[in-house]
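Here come two complexes built around subunit A, the first alongside subunit B, the second alongside subunit C.
Moving on, here comes the complex of A and B:
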């Protein structure tokens, strides 16, 4: 078997030599107008084609050589002045050849001249030829012979408008002829499969696929016949071709021919004969790749649909969708062994089809998804990654088409399909959905849709049973949750009522997300609610009275509950920030007790949950900052809160932090508003206390490290002094500032202090500021004048 | 020397010619020496009319005991060489005993001669017709001259000409049904037919149709049978599957056939057979032979 190809080369070379040899004598006979000799040598030449040793590819080479020679012979035959024999006699004469293969090649050659001479009706000659060719039953030789017949008869079919057109029903004759030749060729082609030893099956299939175009060419010829109109295609051509396709029971042939039919005939024919064409699909062998066939059909049809708007009514008229849908159902039913991926691919194609052809028919989309769900539900567990990919494609298609998740949300089967995805894919799909929303900036505005949406992305919202938490990639997880958080912001409705519902639904879903997810989602949710609150305020008056349920109080309750959920995480820092945010919102709404409540919560968190000193520093600054802006509180409440805040400040761990917190507290007593609190005395107290702490810090540093502590603290305090001084706090005097500056200067010059360029620069610019203010003149200038530098 | 040569040469030349010789159809005839000559063609019941010219060589006189012309139909069996069976023998006396000095012409006529058998040149047998002119002489051998002619008899197309249809096979191996459109063919006829494959379990390679001629001579224990294959015509290439039907169209004109001769004068018969041969991949041959009747048809020949 090793030198098989070598042998083949040798045989081919021998064959070619044989053809050349005999062709040489044939040419001589042709030149001397010797018909007898010409026939003899042409027959001998054609005998080379009787070989069984060549593979189809090599045989084709040989065939082409002979084909070229036959063209010369044909020219000679055509010119009866050269040989003096009428074409009718010639037609008989060539049949005297004893070997069938040369005889039939010659017969076909003369036959073509016979038709041209019009001495007999084309249909009679064609019929005779196609019938006589039955004598060659060897698959390869038969295929090539019939292919020769097809070749020479192509331009001589009694087609409409052709010069060979007969009297009546003439196209039918042409069609009959081609169909018969096609049928026989296909039979031979299929037969190849069953001949020879079984072990070379693969090789044979390869050889066969090399020959497929010979068979397919007939279909191409059929499609070229002018007279094959829709009517004839429907009544004759298609049924007969399909009959052959179905009956040959050969997967290779069935696949190729179905594809061929789809590709060679016009789209509108397919559309009008959809039922017949599709009817054949479930009858094909189970091993035939029907899904590809159908996919191609649908692709073609959908391209056709998009080619022109005029053809769309046709699609509706023939109910293309329901036919395709039925067919797919039947195919899936018939081919029990079809892997899930196959079925789903089919659904994807159908979906693409309907999206392109009937973009307005959402029910179709839903129907396809429904069918897919049905199929999937029969499969215990979808583990095929390719199948998974197809499902993702299935789900992504509508998103891409409509560019709008809102549409997809109305599809009841959409989430049901998603249920069949594995966890990873499900998440992936959820991400796709979210990204689609982001990309298109679509706003989901009704509670129902939100509900569906969260149902869809529940893979991201909560832990699925059986999910292996360890495998989660931290980065991916963050990415996912950030997406969810972003998504929450996309849910919006102008109607507060609806918006509230949306928030409730989101809350319902996110609350089950577990401690890892809550930090991501809760803040989005809180801010979403806060936005609603502002919205409510914006339309105040009309709404508040109308709906008792829609009071700010109600929302604040909700907020409290939402934030409380963080305690389970626990994430006190975040909760604290959110409480403060809410407090500020309550301030905006002018609801003192709620604001107070939020502050209380914040303080409680501070006391009980925030133990880390750094976090405490951050938290206290936040508290101070927020509290400073509050104007809703009465004196008493405010005192309580500020007192608390100052107290916390003084109890921070590091002196520097204490100092900074304390001087920040000074702002709590001086709100630079029209009717803000302006308690200069307590401001001074705070600042003095800060100075004390700074001193203590300085000393501690000296003791601990033998060097001076940070001078910058003093500079910072100096800045506070200057601020309040500028704002007109009577308790802050220019002499106090001056004293402080001197103190700082001394400190800086002392040996024990490490040179600190930052502090130097800070001080320098502070002093420059004072200088600048002095030069300003006016009220400010006068004020600063008293500070001597 | 001259005298001697002259002594062995016949003293006269004899020419036999037919009255309608110029217009009569000539057909080739293979002589014993292998040469083919063109001779006149007759059929039964024709009048054979002509003349015999006797021309003595430069003024020699020929003495004779009478001149006669015979029309002979002979069957010659090669294995029995030298034995002729004359099934037809007609004689016309042309001249009474006397002397010939100069060229003399004798017309002759055989009216409506019965020539029931056709001329035939076979493997073991020959049937021929001759005109034999004999100048009988005393003491020296008779001067004899022969003229061959060919007889062909035409038969009208048979009124009954059934098709040959038959199902044959080897159990569980091969079942075919073949059909030839006719059982009787004229010599330029076309055999049209079909072979249906009802069951094919062997790997066939090809199929041929042979035309065989069976010539049997003699009778009883001395019967000699000679079979020749005159045509081998490939009908099918490759292996068919069940249900396939293969067309047959065989033109008979290229082959040298004769009509079927049955028991000609109890001496010989010539019969024709169609032999359908199927060859499998191991070159085993499966065949079925069917007799066909050949006849000569006037229009076609």
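Moving on, here comes the complex of A and C:
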């Protein structure tokens, strides 16, 4: 191979040398106005172009040298004062050159001047030249020759308004000429494919692509001809060009030329000739990348549509979308071996087109999706990941365009396309949908839309057949489920009836999620229902009778069922929290037995399911805190529950936790409200009990570790004494407080080997508080006065 | 001038989908020196988000938090102790579900004394509060997402930004009311009390 390149360089150098050599003598002849000599040396020079040893690139270099020289020759020819021969005679004279290639180059050169002289109609000279060039059938040589012809004739075509237009010469003649040159060039170009041995096919294709612009140039010229209006393009130019494109049956040429047509001619023309242009597509060779061609066409048309609003009616008038849609259908049908990814890419392009041009035509969008569904149905199982990617692109496009999931939800074929995705991609798409909703802050407000949405994301909501749950990455799974949980809050309607429907639909779908999913989704659902309840409460006064179907009780029943499902997980801690939330909500609705029932459930969970000591501490505090706020209970119920709460508080594992829980219980007997319970005695009982526990803790610590225990507990209890003292609990006396302070001081001093700076500071700030209250004056000051420090 | 963001009770994803967009656009990284979070985020994504706003993040455990390893309470000190001026602020954080009765200021004052802090930041009630008592200030930044609360009806999303400068703290509260962000500010000055065991 290296040898080949080296040889080529050598030949090129030789060729250039030959040209230069003859050019030198040609110049001498020109300077001395010697026509005969000029013709001789120019012919010799042009003979260098007869070589068949050079690749197109190298030949081009040689050609350009000759071209430059020919320009100088043309100047000479033009000035007949220099050589004294008329152009007509000159035209005849050059035909005596020995070899055909030099002869034709010279003929074209003279022909150019001939046309300029107007001594003969342009069309006749052009016709003569274009036919004479037939004499050269070697592809590379012929292509460059005709390229030269095209070049020099460019400005001499009988276009409208050109000086060459006349009675005999019309723009039709110009068009004919260019078309013929184009046709011949294409034939030569295609012929290259069949030259030489098969194994150098790749090299040949590369060489061919180097020459493609020579052929394409003709189309360019056609587009520049003024006289080629829509009418002429439609009736003459396009049909003839397409005829050549289809008949040449060469995939390289077909691909290049189709694309060239699309790029070179104006978009308005394409719109008006859409059927013809598209009609060629199924007739192309199966190996032609027709989808790229069509994509580029649709791209151009989309840009055209969005360039100005006036253009849009045209699109509608020519029924652009349906023509494109049909064409794509025909192409897919015709090219049986086209892989799935090809077909789907076409649909993506078509969808992009309609989203840009006719965004309001949702029926178009649905149609494209429907066509895709049909295609996917014919494939037993789609495993190509590239094809999958394209399907995701197809489904994402409407989401991005409309920024509003609700629009996508109206597309009947959308879920059907999703059904054809494999499990992994389906879930990916479901996440894309959810993210779109979150990003746009969309709200889905009707039950039927929610139903459609949850059908779409069913891959996330439940285990689908064939899914291997163990394979799921934990992080990914969490992310998925948290997304679903967040999604639930985007479903909302002002109307309680509709909102209840929505909640029921969500419940229906999420309840089959299985124990792994429930902990994520149940909370969102519960709070959604609690919000509805509050909405209902707010509207209480306004509704008259019609809302009989919707009562708080109904919602509480629903809540119970939802929370009960957590027992399958099991998730007792979460369930307990949710039951307490419901109890508070029942309190707000003033329904005592429901509130009591929720407390019962919470206690049952505490008793039977929550064994972890840390979890118990939090749980009991939540129970106490909630109970403290309940005002719906009658004496009996309240007593039962507080008794249970204090009992469990005292039975926590660690003494310190017991102590704290018990003094927290003291608040169960004192509610600052007007009607709140204010049982001073039981408060004191709790505090004393807490003290006993703290003492026991102290003693245990002494025995076990030889040093003091948590003095802080005593200070905490002291603070509670002060709290209730201030609130007016007569059972708590200032002497009791004083006594407690002394006791604490003693404890702290006796444990001087292990000073507890935190407890010290706490005591100090507590005493500061007492001082501060004393100095307040008035009722408060009087009260605190009795505490001697 | 030290900026401290106090924020909490987002309850994402159980009660709210995300922070309000208007809040998100206001909270940019690099402007805040410390973040104090009262708890109930509830998931790691929210934790990570706060980390991007400011690496110095202090969180206490709320009863719905996914990560049970957050501490029950925490303290941090802002500022340097300089002779002559007590230019230090001690902040304490505690979610508040542990303090009964919930939302009761006197009980919260007890916690403040116990933690020995100038400012106690607490949550749970989803209701913004900034309250001064003899022992210091109690601040509740409310719920940043306006999450449902059994305690408070009609929760407006809110958070607090504290500007601590020497002995003075300016508390800016940002509330989202009817779609608009409203800002209010409250000034507190620390009285130079007798030096205790700090």
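In this text, the second predicted complex is superposed on the first by the 780 of 789 C-alpha atoms of A that agree within 3 Å, B and C clash if a C-alpha of one lies under 4 Å from a C-alpha of the other, contacts with A are read in each partner's own complex, and residues count from 1 in each chain.
The rule is simple: contacts are C-beta pairs under 8 Å (C-beta built on N, C-alpha and C of every residue); 3 or more make two chains touch, one makes a residue touch a chain.
Predicted model only: the values in this text are computed from it and were never measured.
Undergrad: Contacts for A:628 in the overlay, against subunit B (first) and subunit C (second): which applies, first, second, both or neither?
TA: Only subunit C is touched by A:628; subunit B is not.
Undergrad: Of the partners subunit B and subunit C, which touch A:498 in the superposed model: first, second, both, neither?
TA: It touches nothing on subunit B or subunit C.
Undergrad: Of subunit B and subunit C, which one touches more of subunit A's residues?
TA: C
Undergrad: If we overlay the two complexes on their shared chain A, which of subunit B and subunit C does A:142 touch? Say first, second, both or neither.
TA: first
Undergrad: Go through the superposed model and pick first if A:191 touches only subunit B, second if only subunit C, both, or neither.
TA: After superposing on A, A:191 lies in contact with subunit B but is clear of subunit C.
Undergrad: May I ask you to decide whether A:581 touches subunit B, subunit C, both, or neither, giving the answer as first, second, both or neither?
TA: In the superposition, A:581 contacts subunit C only.
Undergrad: Looking at the overlay, does A:756 come into contact with subunit B only (first), subunit C only (second), both, or neither?
TA: The answer is neither, since A:756 touches no partner chain.
Undergrad: May I ask you to decide whether A:363 touches subunit B, subunit C, both, or neither, giving the answer as first, second, both or neither?
TA: Neither: A:363 stays clear of subunit B and subunit C.
Undergrad: Kindly list the residues of subunit A that each of subunit B and subunit C touches, one partner per complex.
TA: Overlap of subunit B and subunit C footprints on subunit A: empty.
Undergrad: Mind pulling up the subunit C residues that touch subunit A in the complex?
TA: Listed in rising order, the residues of subunit C that touch subunit A are 11-18, 21, 43, 45, 63-64, 68, 97-98, 100-102, 104, 106-107, 109-110, 113-114, 116, 134-135, 148, 150-151, 153, 196-197.
Undergrad: If we count contacts the way the header does, which residues on subunit A are in touch with subunit C in the complex?
TA: Interface residues on subunit A, with respect to subunit C: 438, 441, 478-479, 482-483, 485-487, 489-490, 520, 523-524, 527, 530-531, 534, 577, 581, 584-585, 588, 614, 618, 621-622, 624-626, 628-629, 664, 667, 671-672, 712, 715-716, 719-720, 723, 726, 757-758, 760-762, 764-766, 768-769, 772-773.
Undergrad: Quick one: in the complex, what on subunit A touches subunit B?
TA: Those in contact with subunit B are residues 50, 92, 95-96, 98-101, 103, 131-132, 134-139, 141-142, 187, 191, 195.
Undergrad: For a test of understanding, state which residues of subunit B touch subunit A in their complex under the given definition.
TA: Against subunit A, subunit B makes touches at 206, 231-241, 244-247, 249, 251, 253-254.
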